[in-house]
């Protein structure tokens, strides 16, 4: 690969989401304040900043304020203050109003688009002298002679399906940096590689994840209440499934609606996509959406492991920020404020590290984190998510006690016992779930919704969903779990198809449908599916998701 | 000889457009914008001519709001030498655009004016032909192949039913169809270098052109949605329905 | 004042889209003339004179118009346009090539590929690859228009008895000469101009099986199209592909065979008049837009269909 050109930066950030952009911005702010020149670049696999960003979102401005105390004056796109919080327990027909848990009280927060916020952060970063490169996917880490990370390389463009060079082949570029910042969001592909290489999860266990599926609807203006926030638990999710809905009223008669489901669910027949579609048929939701139109769709995995599932945050040559590490506050279902905060703390530590000419890992980062509000906040809620491993009611009770009484002061920390991929039970032992057919008005099929994600992939390229062992989908996943990937994938990427003249099913990967949510990388029982980045710029083109 | 390439900033090809509920236009807030795909092909062709030594300089031109600078930076990153932005907030239409292009082509003394055959937003398919009309130059539209033969060009055009070959005297206006070439990707180092290439900004007034639109867009609507029809049990029923109900065969 | 239609022809016969353009012209006013330019185009002029509703045929028979190059033809259009309120041409590659050039000579903003006439200065035209319909109003006294053939019925022929008027040739712009043409060896109509399209997808199974699609197309005098999946699988060359950039079709009948209905494909053909889907997968999304859906094996259904059509 000697033909690859190389570029040098002091710091390279992999991923242009809130944590990565915050890291880059804070570094350049410090450089300006202290008159030092630090070169920083951000590499983002999405075609533009924000195009792969998906979140609810209710944004707590605390993190942003640490980055830009004057964010309001600068015009950050947080302009829909939360006006009302409601929390429901849903049954099939009814919505029972519950007391709003403290973590879900959103006074002072804003209903927003995280994609729009990232776009704005990207502009701020560029104005501060950060080189922001959307459309470039980082596919590998580069190592020095001691095995430490010395930089990253972007993927080649124009590689044909069979791996040969196409007519517009363009080799990747090597980017050498003193510090590599992993800011890929939940379940980053490079983060997975480096976590394995440096055994970063040695002391923290497997962690746990969720999948969030979201739509944006344009509704009847008479029903729009910008700033209104609703959360629910219960129907249609079975009692043994952790999850709940969100519904946020945005500006311009838009609502953001979604369902988050813990990926530790056991029943292989469960389809998060269909659960979400079904949720919209609840009388309370139907009344709101009917007559409106769905304008956007997307999905993304979330990291729900909490403090006890944080991997080691540094490695030789770099560190991890944001959801790549796992700073989401599961009780609040919010991670952007902590993501930004982790970036700010990381940048400050990196700056000191570089300014003092230190070598080795940036250990100042985890040290400073432990002293920050981020750590205290996550510590208080650390037992809420794992409480639900004991079942719904016990979980709700324990979570309620944690939230209302103990506030995380109990001396114990509940662990996540095993990985989400190990939680499925054989299909034969699980209750088969039949989902109603889509009606085409309120509920839709996968492909119709995938279209609204604007996802696109150059078709003539190697499949970016790699199977370590190509026989496992049929021999294990289909045989034992009835092909769960066809159900957990919210984009219709995985199919078991029957060819003419054959009784046998064949496993097919429609990689061009992928919305980069990473659920397969997490939930595949044998961890046989490895999500790797496709050509830079490919993937969803979310508009303010 | 010099080549000029017109590049238009449009809603990205991969983004499904959404008509605003009030019919006033399409939703553009937060929407990714890119270079019109046909213009990418036109640009690639010009850059290849430069790499082949036929063309000495490639000038990229865009028109519209200042955000078109982004499109021009992309053009510079894939090989244009310099860029000109005609900056205006006017609702630009092909007539004014082609007139301004013809003024710029003369001012810059270019021999080849490249465009995409149409933009994927207004689908007008007019600008190249009109620029050729204003300049009094021959036109090679919908090109699938282009060869320089001394003072002439030999072009192959995609026409209904096949291909047509023409010989055109230089100077000429050329518009690119899909199969002319496979445009390259901008590399990171070239994106960095493009930041330092010259980008000049002018106004329609500088070019002596009134950019006011002549066509008024009264409204924009989504085409009526198709509802699914019926299932037919067999071929005989299908033929009968097509014949007597739909009356299409 | 009258409307002028520019005839698209191959030197021997009119191209059918000219007839649809006449219908659009008649929607603007009762007096429609046709301009037939070319070299040795007597037969085309006679054919044009027989179109129902056409009252006059302007002919300009001159060697410089043999290949209908826009450098020659645009000045001719400009020279006669003053007599008309509207000049219309079919939105074929011929019409799209020449009309804007003539518009530049006349300083008129042309209106491309209209799909409906609202009034004499207001038209509907598809934009964003058919994903939106724009209603546009022209401020020019003279309107230059290209017409989407499939949006208007073809004018009848045989009842017309237009007078013939010869018009003088105009000065051509120098610099373009015609070398050759290479027409696809097929008696089938063109994809973008066809009234009926038979299209095959991945479900067709193989390059060999695609002969089935072609046979059905021939039985219907239809054009042959394909989905991206079929092109990618190497069944057919990529100029068959419906839904690629700029290749949007709108025939009166679209028969989708073994096409699942990936949304990109749907976007390329959803303006069709009647959609038929034949697919063995009854869940295929194509059925959601099809007016008539048949769940069947292509290898069985298509030969049956061909048989039924022959009867």
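By written order: A, B and C. Residues from 1 in each chain.
Quick note on the criterion: a contact is a pair of C-beta atoms (placed from the backbone, for glycine too) under 8 Å apart; a residue touches a chain by one contact, two chains touch by 3 or more.
Being a predicted model, the structure only gives us computed values, none of them experimental.
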Using C-alpha atoms only, the most centrally placed chain is B
Larger contact count among B-C and A-C belongs to B-C
Separation of the C-alpha centres, subunit A versus subunit B, in whole Å, is 37
When centres are defined as mean Cα positions, the distance from subunit B to subunit C in whole Å is 21
Chain-centre distance (mean CA atoms) for subunit A and subunit C, in whole Å, is 48
Each of the following residues of subunit B touches two or more other chains, namely 13, 16, 228
Where subunit A touches two or more other chains simultaneously, the residues are 440, 451
Touching two or more other chains in subunit C are residues 288
Within the complex, subunit C is touched by subunit B residues 11, 13, 16-17, 19, 26, 37-38, 93-95, 98, 117-118, 120-134, 136-142, 154, 157-169, 172, 177-179, 213-223, 226, 228-232, 234-236, 238-239, 241-242, 246, 248-249
Residue positions on subunit A within touch of subunit C in the complex are 440, 445, 447-448, 450-451, 459-460, 500
Residue positions on subunit C within touch of subunit B in the complex are 15, 69-71, 74, 92-94, 96-105, 107-113, 122, 126-140, 173-184, 190, 192-193, 196, 220, 238, 244-246, 252-253, 270-271, 273-276, 287-296, 301, 304-305, 308-309
As the complex stands, subunit C meets subunit A at residues 205, 228, 232, 262-263, 280, 285, 288, 297
In their shared complex, subunit A is touched by residues of subunit B numbered 12-16, 18, 21, 27, 29-32, 34, 182-185, 187-189, 191-192, 228
